[in-house]
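One structure is given below, encoded as structure tokens.
Chain naming follows the written order as A, B, C and D, and within any one chain the residues start at number 1.
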Amino acid sequence: MIDSKYFYQQAVALAAAGDELYRRGWVPATSGNFSCRLNADSAIVTASGNHKGRLSPSDFIAVDLQAKPISSGKPSAETALHTQLYARFAHIGAVLHCHSPAATVLSMALADSPELVLENYELLKAFDGVDTHATRVSIPIFANTQDIDALAVEADQYLAEHPRCPAYLIRGHGVYCWGKDLDVCMRNLEAVDFLLHCELERMRLSR
Amino acid sequence: MIDSKYFYQQAVALAAAGDELYRRGWVPATSGNFSCRLNADSAIVTASGNHKGRLSPSDFIAVDLQAKPISSGKPSAETALHTQLYARFAHIGAVLHCHSPAATVLSMALADSPELVLENYELLKAFDGVDTHATRVSIPIFANTQDIDALAVEADQYLAEHPRCPAYLIRGHGVYCWGKDLDVCMRNLEAVDFLLHCELERMRLSR
Amino acid sequence: MIDSKYFYQQAVALAAAGDELYRRGWVPATSGNFSCRLNADSAIVTASGNHKGRLSPSDFIAVDLQAKPISSGKPSAETALHTQLYARFAHIGAVLHCHSPAATVLSMALADSPELVLENYELLKAFDGVDTHATRVSIPIFANTQDIDALAVEADQYLAEHPRCPAYLIRGHGVYCWGKDLDVCMRNLEAVDFLLHCELERMRLSR
Amino acid sequence: MIDSKYFYQQAVALAAAGDELYRRGWVPATSGNFSCRLNADSAIVTASGNHKGRLSPSDFIAVDLQAKPISSGKPSAETALHTQLYARFAHIGAVLHCHSPAATVLSMALADSPELVLENYELLKAFDGVDTHATRVSIPIFANTQDIDALAVEADQYLAEHPRCPAYLIRGHGVYCWGKDLDVCMRNLEAVDFLLHCELERMRLSR
């Protein structure tokens, strides 16, 4: 059973996040998609193709954790990347996928790297379980593909081995980020984008 | 006959788009011009020289598809570039022309290139008919000229041969973008500017 | 005699411009100063040292065109650079001086150049008297000094010989821009800053 | 005794500053911390870990100048860096610590430098006691550490020898800035970030 009041509350919160992310330029041209967990077996996710800065509750679809819609409408083509996270980790409550310029450019600039390694940033402490800058946090970079199921399997395998990973990049595409709830997910996304931006600036200075 | 109510509605929608584009810095110093189709034979276009972030319905002129005014006022000097698009493609409903920094700088940096080729970006899927990142989309770059009629002919010839082209650049000048309606045109423009910005960032990293 | 109602109207308009310029980051940390002509012999100019995004009419001082205050308060230390322009050109009605990052960095990067030459930009047509991109517009770059009277003399000599010059830079300091009224001055300033920004981006790509 | 009305007024003012700094992207992902002096022996400082763009008075803790809380709640882990400043200089009334991209990237790019030397910028005059661009202002760069007490000692020793220093950087971490009151502190912070941004741009051009 879908709790329609909770669905509505989560949809309103995701729409507000979408407005903020749109104004930052991270979900241009209807790109990006957002979700929140409803319960142990389901989540709500943005419908396919809407403007992400003007979402309303009717722009969200309930799906089970196999990415099958359980309310009317057509969910985002990337729904399986959201449900993979909810199915793998019971503690994840929200997932945001954005196409920021930094995520797009950096993932393409690191054309031969399977990951971005972040170290010596105080802001690494924004991630759960990190209590010092003197550490290394890896953000994997997956090749882009239109085969979302295959990408979900690749992400799942990586995350099974790296459960503390806070986010991943898809090359030329964008970033996936998550958290126990939407506030924590936004905090993590801000930290990731800040760090990607700093890495890009430092790469410019070194070339 | 001009449908004055429809004229007014379209003008209000274009003025709102102008306000958004001005705040993004894409139409500085009265630059840029905007239009919407009225019907099979006419369109409205911004008057010459106004501040593009403070437009009102009286700042728009109705023109036929030969760029001749059919309401009072002086239309933009670049009106023929708008009407070329409406005359060539019956499905085009809106045209936006902006002078973003990315469009200006990139078109000048590619001084010897007749086109910008975009590939491997997920955001290419924002364009109608593109369903994979694994493709190539060409954005032609025309030399700038004050002979707008000649430029309209050049654009028309190119688009006759490349009907799927989503936008074109004029070197040192800006970008022309279109869509079946204003929302789609804005989506396409956001996608184009995002991609130009990413290309510029990548060019910086490679030099 | 000062027309107090006109003083008030001009001060309110300059305060609104200041708010806009502050939000763009062009007058950080109380930098910048603004003025409007009152009549043939006087102008109002910002007082020394206030936050430029929160100006009120009491933050403006009336001065004669020798930069002497004719109302209470202490005018900006750079008042003579404003009054030089009003004294030299009867058609100038407003002057804006900003410290944008582009003006600061570009004027320092061009350490050995007495001027910045702009050409091939469509946006050059924003300047009065320019009707084609195929032209050259020179923006002189003066050395910075705390001797404002000497700088006013230097600017005056340059402008006597180059009456079409639309703006000048002071190295490591900022830009002075003017127009027949505040709207035209803002348009010119937007055009100048856009062009400085583009030049800076192109310089980055070429190094 | 804590003056609860003054505590409340200062907390409201710091929350408004936080909102502004958050919108600028200088305190992403709950980073940064802010304080104001209450009296000769105490200050209020942000609690540990909150979103810095949505602070309310209950997000502030009163502390003595040995960084011990004297009201309920857990103060920021970096409280000792704030109280060091209040204890060292009786004239300091406010301290802001931010993680701007410019502060983070520049402090890492200057990996072997103990300081950043700023000269020839007109904006140096924003700092108290500076009345010409023809001067040198040093901003020390301390190595980052999770040992805040040790960092407070290092800052204290530096500032004892350089009492006119307007701010310091912590490598890969951010900037600390202060002033006699919150308005002056914001002015100094704007000036510092502007100058860091310009230095970063100039470094890009020279590499």
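Assume contacts are C-beta pairs under 8 Å (C-beta built on N, C-alpha and C of every residue); 3 or more make two chains touch, one makes a residue touch a chain.
Protein names from UniProt, one per chain: A, B, C, D = Methylthioribulose-1-phosphate dehydratase.
All values derive from a computational prediction rather than experimental measurement.
S.K.: Report back the single chain whose CA centre is most distant from the CA centre of chain B.
M.R.: The most remote chain is D.
S.K.: Tell me the angle, as a multiple of 5 degrees, of the rotation that maps chain C onto chain D over the C-alpha atoms.
M.R.: Between chain C and chain D, the superposition angle is 90 degrees.
S.K.: What whole-Å value do you get for the distance between chain A and chain B if each is reduced to the mean of its CA atoms?
M.R.: 32
S.K.: Express in whole angstrom the distance between the two chain centres, defined as the mean CA positions of chain A and chain C.
M.R.: For chain A versus chain C, the centre distance works out to 45 Å.
S.K.: Provide the list of chain A residues touching at least two other chains, using ranges where the numbers run on.
M.R.: 204, 207 - these are the residues of chain A that touch more than one other chain.
S.K.: Quick check: in the complex, which residue numbers of chain D touch chain C?
M.R.: Touch list, chain D to chain C: 120-123, 126, 131-134, 183, 187-188, 190-191, 193-194, 197-198, 201-202, 204-207.
S.K.: So in the complex, which bits of chain C are touching chain D?
M.R.: Those in contact with chain D are residues 25, 28-31, 51, 99, 101, 104-105, 108-109, 144, 146, 170-174, 200, 203-204, 207.
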